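There are two complexes below, and they share subunit A, which is joined by subunit B in the first and by subunit C in the second.
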Partner chain A sequence: MGKFNPGKVAAIGCIALAMFGTGVALAGKADNDIRFAYDQAPESVDPYFNNVRIGVIIGQHVWDTLVYRDPDTGEYKGQLAQSWRRIDDRTIEFELRQGIKFHNGEEFDAEDAVYTLNFVADPENAVTTQQNVSWIEKAEKIDKYKFRLISKEVFPAAIEYLSGPVVMHPDEYYKEVGPAGMNAKPVGTGPFRVTEYDVGKSITLEKNPDYFADSPKKQGPIEKIVIRFIPDRQTQMAEVLSDGVDFIMHVPKDQAEQLEAMTNLQVVSGETMRIAFMQMNSQDGTPSEALRDERVRKAIIHAIDRETMVKEIVGAGSRVLNTICFPAQFGCTDEGAPVYKYDPEKAKALLAEAGFANGLDLDLVAYRERNQTEAIIGYLKAVGINANLQFLQYAAMRDLIRSNKVMLTHQTWGSFSVNDVSAATPVYFGFEKDDITRDPEVRDFLKKGDTTISPEDRKAAYRDALKLIAERAYAVPLYSLPVYYVATADLNFKAYPDEMPRFWEMTWK
Partner chain B sequence: MTDTSLSLDLAMEPTAGARMRKRLFGQKSLVLGSGLLLLIMLVALFAPLLATHDPYAQDLAHRTVPPFWYAKGSLEHILGTDNLGRDYFSRLLYGARISLLIGLSVMVISGIIGTTLGLLAGYFGGKADLLVTFLVTTRLAMPVMLVALAVVAMVGGSLPVIVLVLGFLKWDRFAVVMRSATQQARALDYVAAAEAVGASTPRIILGEILPNVLPQLIVVATLEAASAILLEASLSFLGLGVQPPLPSWGLMISEAKNYMFFSFWLIAIPGTMLALLVLAINLAGDGLRDIFAPEGR
Partner chain C sequence: MTVFILKRLGLAFLVALAVSAIAFFLLRMSGDVAIAIAGEGARDVDIEAARRLHGLDRPPIVQYAAWLIETLRGDFGQSIFFKTDVLSLVWAKMPVTLLLGIMSLGFALAVSIPLGVLAAVFANSWIDRLALSLAVVGQALPNFFFALILVMLFSIMLRWLPVSGSSTWSHYVMPMIALGYYVTPAFMRLVRAGMIEVLSSDYIRTARAKGLPARVVIFKHALRNAVMPVVALSAVQLGYLLGGSVVIETVFALDGLGFLAYQSITHKDFPVIQAVVMLLSVLYVLLTLLGDIANAWLNPRLRVS
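So, the complex of A and B:
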C-alpha cells in the first residue's frame, strides 16, 4: 500500500463534516433537480441592475431576449421576435411572436418591448450595465406586435447585444414595482420562473409550465434549479464532494484537477470569452513616469512567460493572446501585430536602455486569480521590477483606475459574452473611463470600427487599432481564461465559451 | 569542629550566581521556550546559508511537489514546493525572519510608547495619570484587528505599514503594567532617598525606577511580541498584511488554504512553525515571569 497520506485523511474528514452538515439534502437526480452553488450573490436579480456572471445566468433562465444566438453555430434566431429587418443604418424593425405569456400571466407584446428598451436607455434610470444599453436612442411601437428600435449612431453590433444582456420585462408589472420589486419578485417569460428567493442565500427556479414551444431555448426534463450562494470555495468543494450540490463552476485549475480523481464527479473545462491582460498607465498624470517609456512597457511584456503560465497554472482551454480582445469576437485579430516573446534578457536590456538598470518599483492592482498575479510578480522580479501588489475588490480597483492612481493592473474582461470587439477593446482604449493610455489615434480607429456598417471596413479599422496598441505596447495581452465546471458524474451537460451553463438543456443519465 | 561546621554552612549557602543558575534552569518552560526561540532566531539569521533555493525563484513546471517523505517527494525540495513552484523550505526559513522582525519591531515601538506613558502616569500621578488612563481606555475601546484592517485597507499593506500600525496600537498593556509597577516603586525608600539627595526627576525615573520595573516590562514584552506575530499572520491571511512575494508564514497559510483538501502539508507546515514560535515566546515569557515576578503566577 502507499504511504500514509495526511491530505487524504483531511479530505475524508472534511467530507464527513460536510455530510453531517447537509444530512437532509436529497440527491437532485431522483427529482430531476439540479443543485448549483455559486460564490457571489447578485446585488439584484434584475439583469439590468447587476454586472456579475450569476446575474447573467439567472437572467437567461428567467427572462428571454428578442433574439437568440445559437452557441453552436453562432447563427441568430428569433426568440421573442419572430423576425427583424434593418430599415436604415440606425433603425431595426421587429415583428414579435404572438401568444407568449409572462410568469404572472401578462401577455408579451410590443408595449413590453418598447417600455423595457426606453426604460433602460434612459440614463436617469441608472441601469448598472450602461455599456449594454447606452447605444439605444429609443423604441417606437408600430402596432401590437411590431416596433422599431433606433440607435444613437450607426451600431452594427445591435443584434448581438439584443441576443445577450438585453432581456424583456413586462411593462405593467415593471411600471408598478420598478427594479426593486423586480428583484424581490422577478417576472419574465423565460423557461424557468423564480419560486423562492432568499436574498443573499439562495434562489430556486422551477420549470415554467407555459413556456412557448417555439423558443430556441428548448425546455428539457429539469424541473427545478436550486442555486445557493456559497462564497467560500473550500465549502463549495466540500459540498460537491459530499453530494450536497450537483454543479459548481469557476473552480481553480489545481482544485479541479484534484477533484478529477473522484469517481462520483466529472470535471469539464473550456475556453471562455474572458481575457486577461495588464494595463500600463501611460496617460498624462500617471503615478509612474517610467511607464510612459515604450521600452519599459515592452520590457514588461517580454518579462512574462505567458506560454508557461497558460500551460501550468491557467489551464486547459486557454490560449496566449497577442492583442487585447477575444479571438472569436468579430473584428478581433492579431494580424500584423508584433509578438513579444518571453525573453528576460531582452527585458533587462530594454530596462537598462531606459535607465532602469538597477531596478524599478511599480504598484500592481489585481482582483481575481491571485495565483496568476503572483506568478506575474515573480516574473517581473526576475528582471528587476519590484511589483508591489494591492489585491482589492473589483469595485475598489475600478475606482483607483478611474481616478488615475494605478500603475500596473491585472485585469480581466468577459465582454458580457458579446461576440463583437466593440464590447471589448474600446472599453479600455476608446477614451472610456477605464482607459489609462488615451491615444487619440487608437481611439479614432476604434470609433470607426464601432460606427461603420460594412463588415470589411469594420474589420480593417479594428485591425489597425489592435496593431497600434500592440506596436506601442500599451498593454500586456495575457491569455484567455478557461472555466472549470465540476459536476456530479451523472449529469449531462456541455460547456460553452460564453461561461453560460444552460440548465434548460441539461439531463440526468 | 568549628571548621567543619563552617564549611558545612558554606556548602549549604550557594553563591548568588549558583542560585540564579538554579532558578533559571529549574524553570523547564524557560529552558524549552528560550531554546526553541534561540533556534528559530539562528535559523532566521542564517537563512541565506541554510536555504537550499532562492525563496523567490518560481518554477511553474514543478508546483505543489510534496515533501520528501511522500512517495512523490524528493530531497531536491525537502519540504516540497508551493503553488508557484517555489521551494517551501527556503520560504519557511525566510518567513521566520519576517515573523521575528515584526514581533521585535512591534514590541520595541509599542514598548517605548507604553513604557513612557506608564512611567509618567505612575511617577507623577494626578493629572498626568488621568490623561494616560484616558488614553489607555480610548485605545482599549478600539479593537486592534478592526483598526489595523481599516488602516491597511486605506493605505495598502506592506511590511513597514504593518509594523507601524501594530506598534502604534499595541502599547496599552505596557502602559497599564508600567503604571502600576511604577506606582509601587515610587513609594519605596530608595526613591525617597534619591529625592532627598536632590537627584533630578529624569535621573530618578530612568536610574531608579526603570531598572526596578524592568522584570515586569520584559514579561509584557514577550507576550506582546507573540501576539504581534499572530496578528501579522492573521492580517496576511486576510490578504491585508505583508504582500507577496514576501514569504510571511501567515501569507503562506493563506495561499495554502485553497489546497487544504489534497495538499495538506502546504498549510500544516507554516501553521506548525507559527504555533511553535508563539509557543516558544510564551514559554520563555512565562519562565521569566516566574523568576522575576513570582507573585504574578
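So, the complex of A and C:
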C-alpha cells in the first residue's frame, strides 16, 4: 500500500488527459465491427488444445456444441443436437439437427460428432484439458443423424460438459489436417468464422452468412470481431481511451473506477464463477501442527472481515461465500453449513484456548490479487497471527502445495466455467494432489455426488460434503471474484458469470 | 587479426552455451514446468500428460543434453505454446525487432551527436547542463514509464499516433523513441568527451588559426575524429537494443522477438525461450566482436596491443 507505481500513475494520467481529449471517431461502430483487445494469445485456436479464457471465447464463436446452456435461466437447450435421452446410467442418445453446414461447406451429421468425441476421448491425442473429455468412453453412430455417447463411469454432469468445452469438428477436414491444421485454418459451424489469423498477434472473426436460424445462439448484427493480443494493461487502457479498441476485460478494479469518469466509455462489472478461498494444511506431515487444531482454523475464519473486503477491495458483483463452490453450480449450497461471522475477539479467544494466546507464526502462499492477500495478512495480524507471505507464480505455488510444504494458501478456482460442483470442490477435497485436508468422510460424500444419477441424491451428497468441510473448518471460503469490462459507451452488452462476452448478441446503439 | 576473430568466435559459442544452460536451469528452478504448461487449474491427469508429452519426467541434465544435441543439429524443436516450429516462429518475428533496433539506434545517434557536439562546444554553459539533464533523465526513467508518457501525449491527447501494433510505420515511432532514448546518454557523453579532447588538440588550433569558419572546424575536422568510438559503441548498443526490446515490444504490442520472449516466459514455453536467448546472446557477442573489429580498424594503436 502507498508504494509508488509508475504504471498506475501513467494510467491515471492517461485518463486525466483523455478527459480533455477530442471527439470520438467510433471506427468500430460505423462498420458494425467490434475491436477487442485481450492480454494473451491462445496457444491454439482449436478449443481442445488450449486452456485459456480467450480460447474459450473464440471457441464459442467459431464452433458449436451439442447442447447450449442458457446463461440466463440455466436451462439446457439443443444446439447441434435436436434432442437427447438417457438410455441407461452411462449412455445418452442424441438426435441431431439436419441441414447444418460447417464453414468449409461440409455437412454436419453423426459421423462428425462420433469422430470428434472418439478423437478427443483417446488419451493418445493428448487433448490439453483431459478433465473435459476423460469421462468419455466412446461414441457410436446409429444412423446419419443419431448417435450414442457412452461414459466410462456414471457421469451425471455429462450434459453440462457437452454444453461447454466439447465442441464439434468436421470429421473429413479434421482427419485430413489434424489439430495443427485446425489451428492454422479453423473450421466450425459457429456464428462466426475465422478469416484472418496472425499467430500471437491478432485474429479476425467474420459473421457466418450460413448460420442456422434455429440455433439458441442468435446471430446479431455484428459483422466482424477483430481480436488483438495486447499483454500490457496500461496499453489496453490507452487503446480504449484513444478509440483504438472498443472492448477490454479483466481491468483491475481501481483502474476501472478511474475510467468510469469517461463519458465515451462504460464500465460494467459482473460476478464470475471464479471463487477465492484459503486452504489450511491439516493433513499428516503438515509443516504447521497448529493447523491440525480445529479451533485455530476457526479462529482464522473469524479473523477475516470478508464483507468489508468485498465492499472495499474486491469490487462490485462479488459476494461472500460460506462454502467452497460457486453458488450457481449444480449441487452448491450453504444450507446447514455454519456461518463464521467476522469476530476478532472470538478468534483471539479460540487461539488462546488452543494454546496460542501469545500469537502464532504461519506461512501464506499466494499468486494473484496480491492486495487481497495483504488485507488478509492485516486481519490475521490483528488477532495475533503473523502470516509470512510468499508470493509466487502459479506453478511454483502449486508445486509447494502438492509437496505438502505449505501452511496457508490464498487460492482461486474457476471450474473451467463448468456449472456443476463436480468441477470444483472435489479438486480440493477429493484426495487429489491439491487436497491438503484429506478427510475420507468428505471424499466419500463428494464421490457419491460425482457418480449418482438422481439429481436429488447428488444434491444431498454434495450438501453433506460441503457442510462437513464448513463444520470442520477445513478452508476459509472467501468470495466470488468479479470481472470488470470497459467498452465504448455505444455498445450494448451484458456480463455473464461464465466470463464469456457473447459478441453474437451484442449491438451498437 | 584472423586469430583474434577466431578466438572471439569461439568465445561467442561458449557464451551462448553458458547462457543457454543458465536459462534452462533457471526456468526449471522457478517451479514445475509441467504444472505451468498444463495451465492454471489443471488437474492431475492434465499435468501428468504434459509431463510425459514434453519429456519432463527425465532428469533435468538429461533434458538439457537432449535439447543441446537437437539444437546443434539445427533442430530447435516445436513451440509448446504456439504448437509450431520454433525456428520459423523466431524467424518470422525477427524483422520487427531488427527494424526497431536499427531505428532506435538511428534515433539515438540523431539526437546524441548534435547534443554532444553542442555540449562540448559550449562546455560548462547552460546548454551543456541542459544536455546533461536530458541524459540523466534518459538514464533514470524506466523505459516502460517513458513509453506510457509518450502514449499519453501522442496517442491520447494529440491522437497523432496509434497506441499499439506493428502494421504501419507510424506504429514504430513511439517504440523507437522510447527504446532509443535510453541509449542516447551513453553516446552523448562519448561525443562530448571526444569533442572536448579533440577541440583542445593542436591540429584544431591550427585549423582555427588558418581562419577556417567554426562550422568547418567543428564538423569537418573535429567531429570526424571524435565520432570514431561512437561507431564501435553503436554495434554494442545495437546488441543491447535488440535484447532490451522485450519491455518496449510488450508495452506497444509490437509483434517481434521481444514480445515473443515475453509470451514464452509467461507460458514457460522453454523451446522458444531457449532459442530466443541463444539467438540474442549470439547476436550480442557478434555485435561486440564487430565493435572491437571496427575499433581496431579505425584506431591502429589498438591492433598493436
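Operating definition for what follows: the second predicted complex is superposed on the first by the 482 of 509 C-alpha atoms of A that agree within 3 Å, B and C clash if a C-alpha of one lies under 4 Å from a C-alpha of the other, contacts with A are read in each partner's own complex, and residues count from 1 in each chain.
What we mean here is this: contacts are C-beta pairs under 8 Å (C-beta built on N, C-alpha and C of every residue); 3 or more make two chains touch, one makes a residue touch a chain.
Since the model is a prediction, treat every value here as computed from it, not as a measurement.
K.L.:
After lining up the shared chain so the two structures overlap, which partner does A:Met278 touch, if you call subunit B first and subunit C second: first, second, both or neither?
P.N.:
Neither partner.
K.L.:
Touch check for A:Gln234: first (subunit B), second (subunit C), both, or neither?
P.N.:
A:Gln234 contacts both subunit B and subunit C.
K.L.:
A:Asp198 in the overlay: touching subunit B, subunit C, both, or neither? Say first, second, both or neither.
P.N.:
The second partner, subunit C, only.
K.L.:
Quick one: subunit B or subunit C, who's touching more of subunit A?
P.N.:
Of subunit B and subunit C, more residues of subunit A lie in contact with C.
K.L.:
Going by the contact rule set out at the top, does A:Ala473 touch subunit B (first), subunit C (second), both, or neither?
P.N.:
neither
K.L.:
In the superposed arrangement, which partner chain does A:Ala126 touch: subunit B (first), subunit C (second), both, or neither?
P.N.:
The second partner, subunit C, only.
K.L.:
Is A:Ala110 in contact with subunit B, with subunit C, with both, or with neither (first, second, both, neither)?
P.N.:
neither
K.L.:
With the touch criterion stated at the top, can you tell me which subunit A residues are shared between the subunit B interface and the subunit C interface?
P.N.:
Residues common to the subunit A contacts of subunit C and of subunit B are 6-7, 10-11, 14, 234, 238, 241, listed in rising order.
K.L.:
What part of subunit A is in contact with subunit C in the complex they form?
P.N.:
Touching subunit C: residues 6-7, 10-11, 13-14, 17-18, 20-22, 40-41, 43-44, 49, 51-52, 123, 126, 128-131, 134, 179-180, 183, 198-201, 228-232, 234-235, 238-239, 241-242, 244, 392-399, 413-414, 416, 427, 432-433 of subunit A.
K.L.:
Give the list of subunit A residues in touch with subunit B in this complex.
P.N.:
It comes out as residues 2-3, 5-11, 14, 233-234, 237-238, 241, 252, 254-255, 258, 305, 308-309, 311-313, 370-371, 374-375, 377-379, 381-382, 388-391.
K.L.:
Quick one: in the complex, what on subunit B touches subunit A?
P.N.:
My answer: residues 56-58, 60-61, 63-64, 69-71, 83-84, 86, 156-158, 239, 243-245, 255, 257-265, 268.
K.L.:
In the complex, go through subunit C and note every residue touching subunit A.
P.N.:
Its residues touching subunit A are 30-33, 35-36, 38-46, 49, 53, 80-84, 89, 142, 144-145, 148-149, 151-153, 155-157, 159, 162-166, 250-253, 255, 259-260, 262-263, 266-268.
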